[in-house]
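Each of the two complexes below includes chain A, the first together with chain B, the second together with chain C.
After this line comes the complex of A and B, so read on.
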């Protein structure tokens, strides 16, 4: 089983969701929207970097734009291993939640 | 609309990964987005916030690591220092002695260089000096003709103000109300004096001071002496025996110690015209210094030329040439034959000399530090190997050894402060200065001290740390000594040669200085300097010279009494002389000695031919006596009886006195013209050697009788003559200490090197001993090598030592030779000390048991 931390999971999901537009800024926005709290760039870079090192995502350099001060973007793309990991997590989660009695936090 | 600049730079520094560009690009994009939505300020806050948060993290982690490592380094350093106590003590004491020596010299330099700098117009003040050229010699003097002021000022628009100055009037009686004081350090100056020099006024001001002939200015110290806490302004002092009333028009702050002009009371120059009976508008009479203040844009060399021509135009007959000397040169670079009113005059050559010594001593101490640190390296090799095995990088080890050497150099610096503090009174005594420890806190000194420490720490730390950190762990842990020792050994030996070379030069210098001093003190001078008392003649003493003389002669023990000028002080040069057969174009300078008929016997002079002045002959006023040098200077054959004219008095030469050294042995014997006079400013008394205190008491009684109330002040001629060599004596004393220090430091270095080499060869010694070598042969083996190196030091240092000291001796017209015995003595003493140092260590090694050194094999 391919283990992912929660942050890695969120980032990986965000990349998959963004598809062709997955570079750091929208990834961070995505993660913030989902989790509903402020994330620093550092908190995104580190799981991103780790995902890349573990071979779940691939990255390539994109074009530079003026609003970035002439600096290029680094795009990320989920690899096959990454998708497998996501599927596996989902399966485990589902199995975990199955048969749990209904509860309410209110 | 760019991101904050500084934050951006910080950010790029903080990102340690290779993809800096996309990362900072991301930040910038969000920044712009925020700017559009929430405005510039919020965006700015956000950006800075992000950067600072990461900054905190980065700093925290790197600091945590380096602090904990630093603590470990310190701990190890302390442990090592304790473990090898002797080495540490040698190391620290050597370096701190070297540093202390440097600090002392630095303080001294700072003091010497800082003379006269408190004047606001420091850069634009000049002293007019003159040179008198003649066919036989050239004399330079710090004085200029009276008429220079105000002529120069009126003729040259570059000169803003000019003043005359003459100090040194001493032992004057001054009355204030009922009280009588005797004051030294009186001087005269023009009112413009205060426009040129920045002596600060406490009361009154530079405008009103000295305006009239009867107004004077005094210093705060003098004011307190006369008036206590009363306001001195407007008070009247009665000056001198004729009680001239003078009104105080200003009070100055005490004169700074570092001023070449020193005085207590300053009078208007107009008074000097009366005191000297001189014409202040004369171009021939120059008894005062002349200072000028030039315009900021003036060209001093152009002005120099103009002044020279000006005087020539004024008086085509002139025999003197005027030039300008900048105020900044007066203390250190003034090399005049007669330099008046130059308090505590220094010499730039001593500045160079002592700076060189300071650098040399520090160099030696630094070399020792290096040598001893590397010498210990063999013991540290295993530690280095262990650290490397545990993952230390080379840079970590370099850091570690740097921490060690810096620790030692910081300790040394603290110790050296302590040393300086205790040695300062001794140094002050030697150098005649009043240096203060608190001067260390001056920013200039402090900065140079800190940089000195950092440089010493760096240089002496860099070699050991690079050397030690380069050990290969595999080898050192196996017990193989590092392979690059050969290069290191040669370097260290070269350094020891350098150290000993320096020590040899210094020992030799001390020897030569002392033998020359011995020579000048003991050389027969052609007159008897012993037991001659010199008294200034004032008051009743002056009015009745013949009675005074008789009374003095009645004192038992008084042999001879003569009214004359002090021949060993300033004697007036003159070119206003002529003789039979003189070429009218020729200018010859002679120095005029004035005295009565007892002069010859009082000073123990000898006649070469003719006779001396006689009591029984009445016309002595126009009779002249020359010395042998004077006869030679005018090239006269059988001079006795020949006509001779001085100023306007024609007369004849009645005798020739044998040459005698009236001045210092720095210069050749001067041509002297002796003229007769019964009354003069000093009386000289030749007394017998025994019971001199009783004789002095009797003379004092006579003094009291004729000059009641005046303090009895006398000088011995011998003291004046010996005083000519005070600066050499001072130098000799200081150099003596430095020589001692250098020698000790060099021996410490040699000791360190000997221990190092003994450690290296401990197994060789073990094998030799087990094969039957005797202790003596082992000691010889270990010592010969060093003797060889000291020998090389001797060969390299002797020629420069002989050359340098030969040049020093050339300062004297009469000098000893750099004898072979001196050289041999120097070499032998150095060799002896060196062998003693080395054989101590060799002896220990030779006595060690071979079992201990060989048990690893």
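After this line comes the complex of A and C, so read on.
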């Protein structure tokens, strides 16, 4: 089992969902939309960085655009190991939730 | 949303991003910033400028914090573990931890105390704003024979000349100092206040802050004076002193009034110039009655001159200028040389016969620094030895760490960190100890020392640096040693105890070195004490016991004979004598003519004192030839007594009856009536030279300053009362000031006794640290060898042979250390003794005794544990249930 923190899991999923447009700004929006909370860039950046170090994602520089003052974006792409990790997480989640009695929070 | 951003190009606030990049920069940081900027543009478009501005910086700060906490958190996990293990180890080996920490703490305390002292000494005179550019003018003159004058006196006229013609000198200020005065304010009278006569430029050269008054004006008028804050309180209490008057009785003869025009802050402790009162120098010049004191020609030498050179003017240029002036005054022939002494060198590098106050001595600064470093080395050696010895018990920990993925680098870091941690604990302990010991130490070295953490910027970084450095030195060897353990060796328990075999391994080397230092310090201490003893008990040529000295009798003026007459009535006084100088303090040098004309190529001077008929008996000096002054012979007012050195130097065949003319005594000619045996009329640092004595009243200006009283051994306190009453009868309201001569004499060698005490203290500490180190080490080894000892005992060894087995190696090492220390100490002691004209002889017994002490103490330390180990019942050590 590849160990992932919740933040890492959220970011990894967001990258996968965004596919070709996965750079920090949309990733953050995606994570905010899903979790319904405000995330700072720092809070996104750390798990992103860590995911890359662990070898779950790859990053590459996009083309420079004028509105970024000539600086290019760093795009992220999920690697095979990242997909395996996601698959594993999904499996575990599913197994955990299977057969759980219904409950409601009042 | 992203589309909105494309509408305008908005430049984000730069400074925040720049700071961010400064603090954190890697390949991702710039994209992180651009990402934040993307969002910023959107917010800027949607909301107002300020909200987006705040948002942007909030994002930056959070990002920065996250980056830092993230990296810290990851390293902190390991750090926490290292810390925990270190504490566990400290707790497990309580005795050894105690020895390590305590030894280091003593070492650090010693070094701290010494450093505080040294910093105090080198801080002298540095508080002046222009300290870098201030110089004192010294005069050096070499004449015939061994004639040399090296002093501070400069003519008053020098200042005027320099001011007029030499723009390289920014300011020059001259000081005139005269000791014997009586200062009165109404009823209050104080003797010998430190009064300096000086000019307004004094405040331009030096930075003594005025509390009241304008520095330009306060000393410009005659009869004006500036008083220090404390002195003002002494004279005037709470009242404002400005405008008040003081009367000064100069040389107990000339009286004048001064008006206080300003108040100056008290002179700091670390200033070589000291004063209570500054009087305008023109008070004592420009008038008939002061002609004898302050003459305005080039041959006088009353003033000490301080100059501030302009920025960029070198010392050489300054001396060139002085040489020019000298050449204009003395165009040819042998002339004195004026030199410039930097202000900062004055306290530690002055070897003049005259000067204000006591000087420090650079030799002692070097000596003490060396001792401080040596003690720290000894303490670090303890640490190294104990940690390597105990390291075997930590071999497994290192093995496991390596298996779990630690690199050698990590283990080195861990052990260095541990050493630094132990040093930090020691430092805290040492700081407490220092606070506690500082008052005693201040007392010992005789200056007021304080450890101020926040006044100087370097104190706290210095302490931290010190801990890191000593931690590094103490930990570096154990760290490399321990990290080198092989995993398999350790875990299979086949670790060979490297470094234990053979005599010449590192640990033995370190122990030898440690005891070498210890022995060196102890031999040093003994020699310093021997020299001190030499000062006290060498054949001085005069007695100093049971002699009471009354000071300041010149204040009585014509009443001195009355005082003497009255005192003679007491049956408890054996002899008494009045004189201008006391033996041991040095006499004043005068030009003389021995015989009909000056002797070519010789130093035609004598050191002179004036005394009465009983000087010889009071101090119990011996005559070599002829007789001393007699009351019955009236012509003795024209008689002189010389010492044996004079006879020898001037090659006088039959000295009695020969004539000596003394220039300074109004060219009066004296007849030699006797030759006194050489006695140390000067400090023991200097060789005995030519000396002459004449009767009181023969020098035009000298009045006897001291009355020396040889007491009988009984009824001392009663005699004291008697002397006090007798004094009060004749004195004009002054209190009796007396001292005992032997105590005064000891004070002359304060620097040496200070050195003796300090070295003694630190040698004791050094040996204490070495011994507890040795104790710890042998205790640990004895513990390790309990099984071996048990087996040996079972096989029939007795306790003595076991102790012998364990002890002899160390004793051998310590003996070697002592032997190496001998020549080193001999060399150092000889260098130190060079400064004295009369030195104690260094003989072998000093070395033998000190080595014997060192060896004996170490034998006790080593045996203490081994005997216990040797006496344990083998059943206890061998039973393995």
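We adopt the following convention: the second predicted complex is superposed on the first by the 106 of 106 C-alpha atoms of A that agree within 3 Å, B and C clash if a C-alpha of one lies under 4 Å from a C-alpha of the other, contacts with A are read in each partner's own complex, and residues count from 1 in each chain.
Following the convention adopted for this analysis, contacts are C-beta pairs under 8 Å (C-beta built on N, C-alpha and C of every residue); 3 or more make two chains touch, one makes a residue touch a chain.
The shown structure was predicted, so the numbers you read here are calculated from the model rather than taken from an experiment.
Participant: With both complexes superposed on chain A, which partner does A:24 reach: first (chain B), second (chain C), both or neither?
Facilitator: both
Participant: Touching A:46 in the superposition: chain B (first), chain C (second), both, neither?
Facilitator: second
Participant: Looking at the overlay, what does A:71 touch: chain B (first), chain C (second), both, or neither?
Facilitator: Once the two structures are laid over each other on A, A:71 reaches both partners.
Participant: Hey, what residues of chain A end up touching chain B and chain C alike?
Facilitator: In chain A, residues 23-25, 28, 40-42, 45, 49, 61, 67-69, 71-74 are touched by chain B and also by chain C.
Participant: Going by the contact rule set out above, which residues of chain B touch chain A in the complex?
Facilitator: 2-3, 17, 19, 21-30, 32-33, 50, 53-54
Participant: In their shared complex, at which residues does chain A touch chain B?
Facilitator: Spelled out, the residues of chain A in touch with chain B are 23-25, 28, 40-42, 45, 49, 61, 64-65, 67-69, 71-74.
Participant: Provide the residue numbers of chain A that touch chain C in the complex, in ascending order.
Facilitator: Touch list, chain A to chain C: 23-26, 28-29, 40-43, 45-46, 49-50, 61, 66-69, 71-74.
Participant: Contact residues on chain C for chain A in the complex?
Facilitator: These residues of chain C touch chain A: 1-2, 5-6, 9, 11, 28, 30-32, 34-39, 41, 58-59, 62-67, 70.
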